[in-house]
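Should a chain be cited, it is by its letter among A, B, C and D, assigned in written order, with residues numbered from 1 in that chain.
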Amino acid sequence: MSSALTTPPDAPPSTAPATPRETLIYTIAGLLRGIRHVAVGASSPIPAAGAMLCRALAERDGDPRVRLSILGSVQHNFFTNGSVELFDCAGQGRIDAFFLGGGQIDGRGNVNLVGAGPYPQSKVRWPGSFGSAYLYFTVPRVILFREEHSPRVLVDKVDFISAPGVSEEGVYRTGGPKALLTSMALFDFDPGRPGFRLRSIHPGHDLSEVRAATGFTFQADDSPAVTPPPDAETLALLRGRVLGELSETYPAFADTLRAETAEAGALQKEEALHK
Amino acid sequence: MELNRLAELVPTGACLALPVDYAGVSMAMTLPLIRHGGDDLHLVCVPTGGLQVDMLIGAGKVRLVETSAVSLGEAGGAPCFNRAVRDGAIDLRDATCPAIHAGLLAAQKGAPFTAMRGLIGTDVLANRPDWRVIDNPFGTGGDPVALIPPIVPDVAIFHCPVADRLGNVWIGRRRELAAMAYAAKLTIVTVERISDRPLLETEEMAAGTLPALYVDEIAVAPKGARPYGLWGEYGPDTAELKRYAAAARSTEGFADYMTAIVGEMA
Amino acid sequence: MELNRLAELVPTGACLALPVDYAGVSMAMTLPLIRHGGDDLHLVCVPTGGLQVDMLIGAGKVRLVETSAVSLGEAGGAPCFNRAVRDGAIDLRDATCPAIHAGLLAAQKGAPFTAMRGLIGTDVLANRPDWRVIDNPFGTGGDPVALIPPIVPDVAIFHCPVADRLGNVWIGRRRELAAMAYAAKLTIVTVERISDRPLLETEEMAAGTLPALYVDEIAVAPKGARPYGLWGEYGPDTAELKRYAAAARSTEGFADYMTAIVGEMA
Amino acid sequence: MSSALTTPPDAPPSTAPATPRETLIYTIAGLLRGIRHVAVGASSPIPAAGAMLCRALAERDGDPRVRLSILGSVQHNFFTNGSVELFDCAGQGRIDAFFLGGGQIDGRGNVNLVGAGPYPQSKVRWPGSFGSAYLYFTVPRVILFREEHSPRVLVDKVDFISAPGVSEEGVYRTGGPKALLTSMALFDFDPGRPGFRLRSIHPGHDLSEVRAATGFTFQADDSPAVTPPPDAETLALLRGRVLGELSETYPAFADTLRAETAEAGALQKEEALHK
């Protein structure tokens, strides 16, 4: 995207309709509502943006303060006890929400961050389980977030369980999956069944498309809801304060967001001209 | 050269602990390790590995990797690691970050193991015959708990901003570096510079200081973490990481990249 | 008065963690605790107790003491503690320093227990039915290991040099204070002063900073550790400790001493 | 003691014969010979002086460097991880020697730091076990040091075992008692028997006196050795450099030592006059 399209940071926020990514960010903010402390990985700008929006909304509405730890960041990380502190903090019950991706996610909420094919000689190797084998057990609201929505990612059964969606009775567990968010849809996780239930489909997609792109079976209404985009006031907050905060830690991503918004604005004007 | 002498302190078959990419990686030691260190290394990534680990694997120095992950972060997957896994060229001990910390903690305390929650039902646990599961002795039956045995590295190597003339090293809030040194039999630290002022002289600096008791060797290596960054000193060179990631996609590309680097350092 | 309000946050029956005499005792909270805090306290000394613990016992606030030792150091034994033990007025959980740390560590990690060496064959262990001994699951039979369950204080109270306006507290190298705060449900800190400069702004200060996440209440109490000292700030008033030790040899002497102190503070 | 008796710190060291306390310090330095790291309690000036002398002797003789940690001291304590670091350090095998006192010490090397009489309602309560229940197991060379040599302290059987002298087979143990030093005598500990064996009696005491003052049985030669006082060169080192170092951390104790030396010197002159 050309930087000529980018709105200068100090200009009044655009009133163009929400971009798909902005709707994702808004959806994440909703999933986080009510938490006190969320931790986000250093290379997870969309979850970070969602957390920042959640924090801004809580402040606007006079709700209790939301803390955000961006791991690996020097500036937005208040931990002072090394990289173990995140896990200790989760063990103490001081982290309410966390995001997990996954090379594979299956219908029972199992996550695979290790590799595709037989272990250990994986055909495709991903980095590894990171902290998932602990945090999935100890963080109450884990949000599975992966933009790619395909049968390759959303599989019937993962090849390696980095972290299981549910545990047998008697296993100590205070955390687990709460929802699965992709570029196409939002699912709630039901640990009782266990399995996913489609909550809403993002604008521009439909149920048959979602079914075709999903490698596991899930529950769904016949006419699923559409994922709501942010209202105008929230959009202004996102494009103003939140984008400013985002620029400090994720400058490249903030530029992308600005460019997308500008593009949406240009498109809107163009459409208005042609009406 | 001093760094080569230090690399010779890492014997063949040694268990070598290396820190996560943002904590202070002694990249300066990488080539000396490849050329003067032992082979068949057992790497312990604290708790994840990056460029240095990938280079050591690519250079054929590594027998076993114990880690929660290996990646180049923004620059993508670790090409030599991924290739070595696919080819079965290295053994794996896949872990999860807090289990690596738990193993170092057991060593730090001289304890026979550290108990940790999580892990039950994962394939991480299923593939670690060196771990144990017991029923929580404080419970009324059931309640399985994973036990992680001590990780005692033969050598730990990392990079810090400053050491003093008494052998104390300033680690700031990167306390995993202290954990590595507590646990290791031998600790080698490279630093940006040596300070004439004793680090334990003021409470402010003492708070972030690893005492000389745990530090065996110190060498000066300016910009010694590059292309990684060093907290409070300089940022990472992401373009260089990406250049490596692209080059190392093939064994030939990796070899060319390393040859070029040796040339630059000569 | 602010300190009285904070004392009211300590309910009757609470488990209250207090630090060793040289780490930063919030002596300023002692009288507020006696007059406005709950009764039947379960004190956890981290890892030993001194003047504050003795005063709380003398004032009849304490039901149970969990500690590795209680003493006035150079000023001798702790008179109210010794008397309460002789009279059977308090329950005891005699421990050993690393077992107190082990209990806090288990709480810090959310682990069900911490394994520790030593203890086997001691009467310390024999009198702790709340601890367990198992055979080391990594051994080949035998090799008994003591397991210490989590210590989760309802409240931790200590004193530090400085806090910032964001609620961060500077603990320097007194990391047992961090361990207490990590483990506790509620942490109350008194400080010499508030700094306008955020403690996490520089790596130097950040290294010794306990983040606001773990700190619930902060109040300013200049010379708040007296007659104990505060590292980097002022030394202990040993003469005053000896004066107390002499006075508190009798219940009447203790009562007179405390009355005089209340007068001084009014 | 009057301060008029005290030699100024910068005067050349006195050549008076060793005082009993100087012989104790010298004996401790000998017990520590060959160690790399010794930890000493904040209120243990004689062990600290012994450790400082050991360090000075090692330096003089070109032996490996001796480290000394004085617990609770801000200046002479290089620990930076709180009060747990001493125990971690011992667990790592990085502490070679430590001193333990004890309200009671018995013939099997058991130590009681808790109280006399039935537990828990002890008739006489001492502070508590401190770190003994761990360090006695993990520090290879524990020196039992108690100046009082009486049947009240050196008992047949302790009322409470804070730390046991020996452990059953199969118990993990890398440390334990090495020697027992009192104001009257020096014993070696034999974990095989288990029990103490008299090594030497300090000048001015004899075997029957030691037997009468000791509540447990011990092995001894018929004519035990006399504890050797420091030679002139070592005494000069003790009265010079070591006393200077000692003054920084234990000023009151250093003054006492100086006064005792001065007294010994005055006595020596007086005796010379009367000859």
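Rule of thumb we're sticking to: a contact is a pair of C-beta atoms (placed from the backbone, for glycine too) under 8 Å apart; a residue touches a chain by one contact, two chains touch by 3 or more.
Fair warning: this is a prediction, and the values are worked out from it, not measured in the lab.
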Of all other chains, the one whose Cα centre sits farthest from subunit A: D
Comparison of A-C and A-B by number of C-beta pairs in contact, larger one: A-B
Gap in Å, rounded to a whole number, between the CA centres of subunit D and subunit B: 42
Cα-centroid distance, subunit C relative to subunit D, in whole angstrom: 30
Multi-partner residues of subunit B (each touching 2 or more other chains): 109-112, 116-117, 136, 143, 145, 173, 178, 206-209, 231-232
Of all residues in subunit A, the ones touching two or more other chains: 79-81, 87, 91, 138, 172
Contact graph of the chains (line, ring, star, complete, other): other
Chain-chain contacts as defined at top: A-B, A-C, B-C, B-D, C-D
Subunit A contact footprint on subunit B (complex, rising order): 20, 22-23, 46-48, 67-71, 73-74, 77-78, 81-82, 85-88, 91-92, 94-99, 101, 116-125, 127, 136, 142-145, 173-179, 231-232
In the complex, subunit D residues that touch subunit C: 42-43, 72, 74, 79-84, 87, 91, 113-115, 119-138, 160-164, 167-168, 170-172
List of subunit C residues in touch with subunit A within their complex: 107-112, 168, 178, 182-183, 200, 206-214
Contact set on subunit C toward subunit B in their complex: 106, 109-117, 132, 134, 136-139, 143, 145, 147, 149, 171-173, 203-209, 231-232
In the complex with subunit C, residue positions of subunit A that touch it: 37, 67, 78-81, 87-94, 138, 172
